[in-house]
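In what comes next, chain A is part of two complexes: it sits with chain B in the first one and with chain C in the second one.
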Partner chain A sequence: MADKNKGLGKLGEVFHGRSQRVRELKKEGKKIIGYPCAFVPAEIITALGFVPYRIFGDMKESVTEADRALPASFCPVMRSCLDCAFKARDDFVDGIVVAHSCDPQEKTARVWESYIKYPYFHFIDLPGSLRAESLEYFKGQLTDFRKTLESFAGKELSRQTLIAAIQSHNKQRALVREVYELTKPDPPLISGTEILQSVKAVLSLPVEEGNQLLSEVIGEVKVRRNGPEKKPARLLTWTSTLDDYDLMDVLESGANVVMDDSCGGIRPFRVDVEATDDPFDGLARYYLKEVTCARTFKEAVLGETTKDYDKDLEKRFGYLRELVRGWNVNGAIFLLVRYCDPFAFEMPGLRDYFSRLGIPSTYIEYDYTEGSLAPLRTRVEAFLETLG
Partner chain B sequence: MAKEEKKKAINRLKSMYPLRGKINEAYLKSAEAMAAGKPTVWGMLNFYFGDPILKAMDVEVVYPENYGAALAATGVARQYLDYADADGFPTHLCGYSRANFGYTSKMMKELGGKIPAEAPLGGMPKPVFLMGSTAVCDARYKWFQALGRYMDVPVWTFEAPAPGVKEMFMEGSYERMVELGVENLKAFVEFVERLLGKKMDWGRLDETVDLMIEVNHVWHEINEMRKERPCPMHSRDFWSAMSPALFLMGELKDTLECFRAMQEEVKDRLENKVGAIDNEKYRLVFAELPPWHSLDFFDKLAERGWNFVVESFGYRPPMPMNLSGISDPLERITRFSLQVFSGYYKDALEQNIPAGSFAYPYLKFAREWRCDGALLHPLISCRSASTHLPYVSDMLLERLKVPSLTIEGDIVDLRLFNPEEALAKAEPFEETMNYYKDMRKQEGFDW
Partner chain C sequence: MVFGGVDIGSTMTKVVIMDGKAAILSAIRGPTGAEHRRLANEVMRAALEQGGLKLDELSYVVATGYGRLNVPFADRQVTELTCHARGVSSLFPNVRTAVDIGGQDAKCMKIKNGKLIDFVMNDKCAAGTGRFLEIIAATLDLKLEEMGEISLKSSRKVHISNMCTIFAQQEVVSRLSEGDRLEDILAGLHDALASRTAALARRLKVEPDVVLTGGVAKNVGIVKAMKDNLGCELLVPEDPLITGAMGAAILAREYRMEAERKGESISRRPRRLEEATFFE
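Moving on to the complex of A and B:
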């Protein structure tokens, strides 16, 4: 029987009781800062002595309370996050930080701040493009975030402390990448559901505790004999957020999900924050340029006066080529949360790109409810059959 | 004997017609420009940011968002939506974008770049570049990016900062927004110069910016006059007249004269106590995008005494500001454009309302224009124009005892708006408005 105090045993405990550790820490006097998106720099939160807690929606919880504040035809993930907040599911949170990663985040933030009073609430504006002036503006937004969080912490943020926090979070990024190395063999040594559990678990813990847990999980997985069974399809999944265990289970019913490009997968961990003399330069560059979310406008050449569609696709999706080749992917599922515009606009272009890579793909839309799992399973099974 | 014409319920301003006429003129001009080989740009509504630049450089701009409304109203959108579906664009996307994908797909893939025969208003010619913006919603740059499937045409994306209300008043924050805008515009001018091989005439830009500010100042003053009872100008006239100010359509000196004529006509109505409708029983605020295809719906409400006195935050001129001390036209443009959304932030901060643009303004509108009710029109495929509406409804009732009536629709699927069903709600809502009128009196409100 797995030891519940470390490794995979502990992973299960932490995953299923995600808020338990932060509640313990709160009793010890720690303050918890919640954030619903990978664009929020958790490093700054950690550096000022708070515990960053990634807020996810809950597909299993029917949205009821959020109806008074957000329309039904709206991002169901953010509706769910707000709904959980109304229901005090995250009542241990002392403050919320939201980034302008997309319209739903921006619009929900205004409503969230209006309806629920927290001791601390901060909104980080995030530009849409990668121009030099956009980067400079975003750096200014991060320094504003630092100021308000310093005020809430009652202390100043030192450069050294921030550098140390960046190093800890980079270590976590490296560990998650190491976890994904374990899906390269055939069959993979670790399943997509176990990776999803790992990511969600560590994002509910202080960064050092999360790193410790990941190291233990990696160590156990490398030597265990009862890993996932080999399945004919090695899938890459691409979506905004893939944060539900049962949903991943549906995808893995007939396949090995060896790479998940989502905010519950590799996306927040794909590369490190660069070490720069002013750490805010490294943070601004990382969060604006390196997080591969569809919300960011990328062009093959900044300010180009001609357009080449193939080069444009390569700029936007070229990082996926490396993932496809490196992980020997033979099929891709693009999951679209209904009403997610940035990812929806990408669909035809992304399918064009995968067609050029010679990788079969399908796009499946779902509404982020438990009821969507059954039809999703049918679509997944049908797609897997085409892979042979 | 000739049949007597039924008197129209809304007294339309005579001065509105020349302004409305500029919309058709703009489309015809762009068709002429195309025929003459002049460059045309497809632009998103950019809130006075990119338009003055292109105006000064004599570049024609057509607006696919506007054009989407024309496609919907003429019934042509339907076939284009089918093209978009076939090309794999998810159906929940902005209806205007889907109609545009279909239009572009047909134009480029089937017709080799020729404008489809069924396209209304002369169609939109293939552009030399696409001018997007991050203002208001993600669609307004992702859409243009996705057009790369059909046209090898560069995309320029303007940054439109959207800070939090209290965050904007942090030291240096607003100045950084201005810096972003000015640098963005410098780069844009350089981009257009490179692309078109022509230089900016900075004197002409200066003049264009001054005219833009003056046109919108007069337009703002006109709308301020609508605070009076009876309101002299109905929302229908606002929507008909707004485009030349918002999109800088036509020759700006002439546009300014047209708005000055409107200002005189509205003043005249005020002096003679002439309302936009004969019997103003209820004053309403409308949010957000009107049902362009069914505007005569408002005539039916006017017959019941409903005067729509203020509307559509997203289309309104910015609150006036003094830019006379700023010599750099790019900085004047930036500050003017930023004012559209952040101009209400100071009030919103004082009122402790974090939703400083889109939502808070309706509190100001309802209070200052003395509204008895709000008509909210959420659109199934335009989330940016709909998300704030439940909050607006809550805010108006809680703070001002002004009730809201919600009637759903869509920007391109006209089947979703049912005017008969909507009108059936009018009488019960009148009872609600009467009830809250009494409640406001009891609570000390002065209307």
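Moving on to the complex of A and C:
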């Protein structure tokens, strides 16, 4: 019987009761800041003594309340987040921080703010492209965020505590990357569902507690005997957010999911925040450039008037090459959430890139509802049948 | 040895029994319905009867289609995409693109040497499926089977602008009241369905030979509209409904042969024709 106080046993507990720990901490007087996207610098939240809590949607919760504020043909993930907020699922949250990652998120933030009065609300504007000017502007935005959060905290942010917070969050990134090292063997030592649980669990805990949990899980996984079964396909899943256990389970019914580019996966942990003299430089650079989300326009070189398709593909998707090779991926599934244009429009280029890598791929659109699991299963199975 | 393929579609259930030389011994189709999803055994019983066969003569059974998990007497489940690809290839060896328009879904498959290599499916929207034609038939008080022929009489098709089946229905009624001719409206509707399906197909590269299957392929108006929209020749099997079940039966034979070659036993509990229960 797994020990529920540490490692894999605790992982299950935390995952299934994701808000439990922050509710406990709130009773002890801590304040919780929720954020629905990987572009929000949780380091600043931690450094000012708050507990950052990553908000995810819930595929299993039928959207009933959000209809009064958002249209139906709209990002179902944001609809779900707002729906859960209306249903007071996150009533332990003292404040919300939203980044301008994409239009639906920005619009939903406005609606969110006007309907629910949190003690604290902040919107960080995030430039769409990667230019020197964007970086400077974004650093200014982070400074504004710091100011309002300092005001809410009733204290100033010290450079030292921010550096320490960055180090703790970087340690978490390194630990998650260590978890992914465990999927390199064949069969992998840890399953996609377990990784999903780990990511969602640590993003619901204070950073140090998350790090402790990850270390324990890594230790246990390395020595256990009953790891995942070997399957003929080693998949990479690319998506905005794969955050549902049963969806991951559908993917793993006939394959091992060994790598991903997903917010419920490696995306928030792929590389570290650089240690810079002014920590805001490192943070701005990381959050603008290193979060590999389709919303970012990577081809923004002032003065460049001709486009080179091959160079363009490499700029947009080059980071995937190392993941595919290093993890011996032999198939890729691109999971598109309905109405998500930024991710959908990556398809021609992304599929081309993977075909150049010699990796078969398919894209599957789903609408982030429980009912989408059955059609998804058919498509996943059919794709795996083409590999077999 | 004989092999069974069971294709439980959203609208129709099809069973094909083949011998070792891939000759069809019997083929049965029946409506799936709400209750019949549990009763694949009934259709199988009818197929066995038609072929003069007994259940224990079946060496291997593959189930496919939406209801493939509801076939307790099947040895394996394979998706309808792989099965259609196999079935169509057995009839048309040079097929590269297969388009299947079913009762509630449409799928396009790229095939190479009989194997499925890529696919795209639509099952979230009725426009572009048989359901579209059923709704229109009901609106116009026509029989489903006569719509295609009538549409071919048109010399000036009426363009139906609406993407959605329900709104298209409304548009039809207003067109009629404006005095447009039935055959012209029907031609426009067939064109609307075909253009949806062709757009789906074009997400893959449409290469000849192109084969059209599914119940909707029995509609001559659709066949013409698909040719016009895809801009190429189309091959249509004599029985466009059973290619999935055929493919399943062919795969059943292949799996059986492979198991024998590897010396694997396929013994499992004795096959019984029974309803699907969900608590086994």
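Definition applied: the second predicted complex is superposed on the first by the 384 of 388 C-alpha atoms of A that agree within 3 Å, B and C clash if a C-alpha of one lies under 4 Å from a C-alpha of the other, contacts with A are read in each partner's own complex, and residues count from 1 in each chain.
Definition applied: contacts are C-beta pairs under 8 Å (C-beta built on N, C-alpha and C of every residue); 3 or more make two chains touch, one makes a residue touch a chain.
Nothing here was measured: the structure is a model prediction, and the numbers come from that model.
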Query - Which of chain B and chain C A:Thr378 touches, first, second, both or neither - result: second
Query raised in the report: When both complexes are superposed, which of chain B and chain C contacts more residues belonging to chain A?
Result: B
Query - Touching partner for A:Met259 - first (chain B), second (chain C), both, neither - result: neither
Query raised in the report: Regarding the shared-chain residue A:Leu247, is it in contact with chain B (first), chain C (second), both, or neither?
Result: neither
Query raised in the report: Just chain B (first), just chain C (second), both, or neither: which does A:Ala332 touch?
Result: neither
**Report entry** Partner chain(s) touched by A:Thr362 [first = chain B, second = chain C, both, neither]
**Finding:** second
Report task. Could you give the residue numbers on chain A that contact chain B in one complex and chain C in the other? Result -> none
**Report entry** chain A to chain B touching residues, read off their complex
**Finding:** 67-71, 73-74, 100, 102-104, 106-107, 109-111, 113-114, 121-123, 125, 127-129, 131-134, 136-137, 140-141, 144, 147-148, 294-295, 297, 299, 303-309, 312, 336, 338-339, 341-342, 344-349, 351-352, 363, 365
Report task. Would you mind writing out the residues of chain A in touch with chain C in their complex? Result -> 362, 367, 375, 378-379, 381-383, 385-386
Requested in this report: Within their complex, state which residues of chain C touch chain A.
Outcome: 66, 78-82, 115-119, 121, 123-124
Query raised in the report: Hey, which residues of chain B end up touching chain A in the complex?
Result: 87-90, 92-94, 97, 129, 132, 134, 137-139, 141-143, 145-146, 148-149, 151-157, 159, 161-164, 167, 170, 172-173, 176-177, 179-180, 183-184, 187, 190-191, 194-195, 353-356, 359, 378, 380, 383-384, 386-391, 394
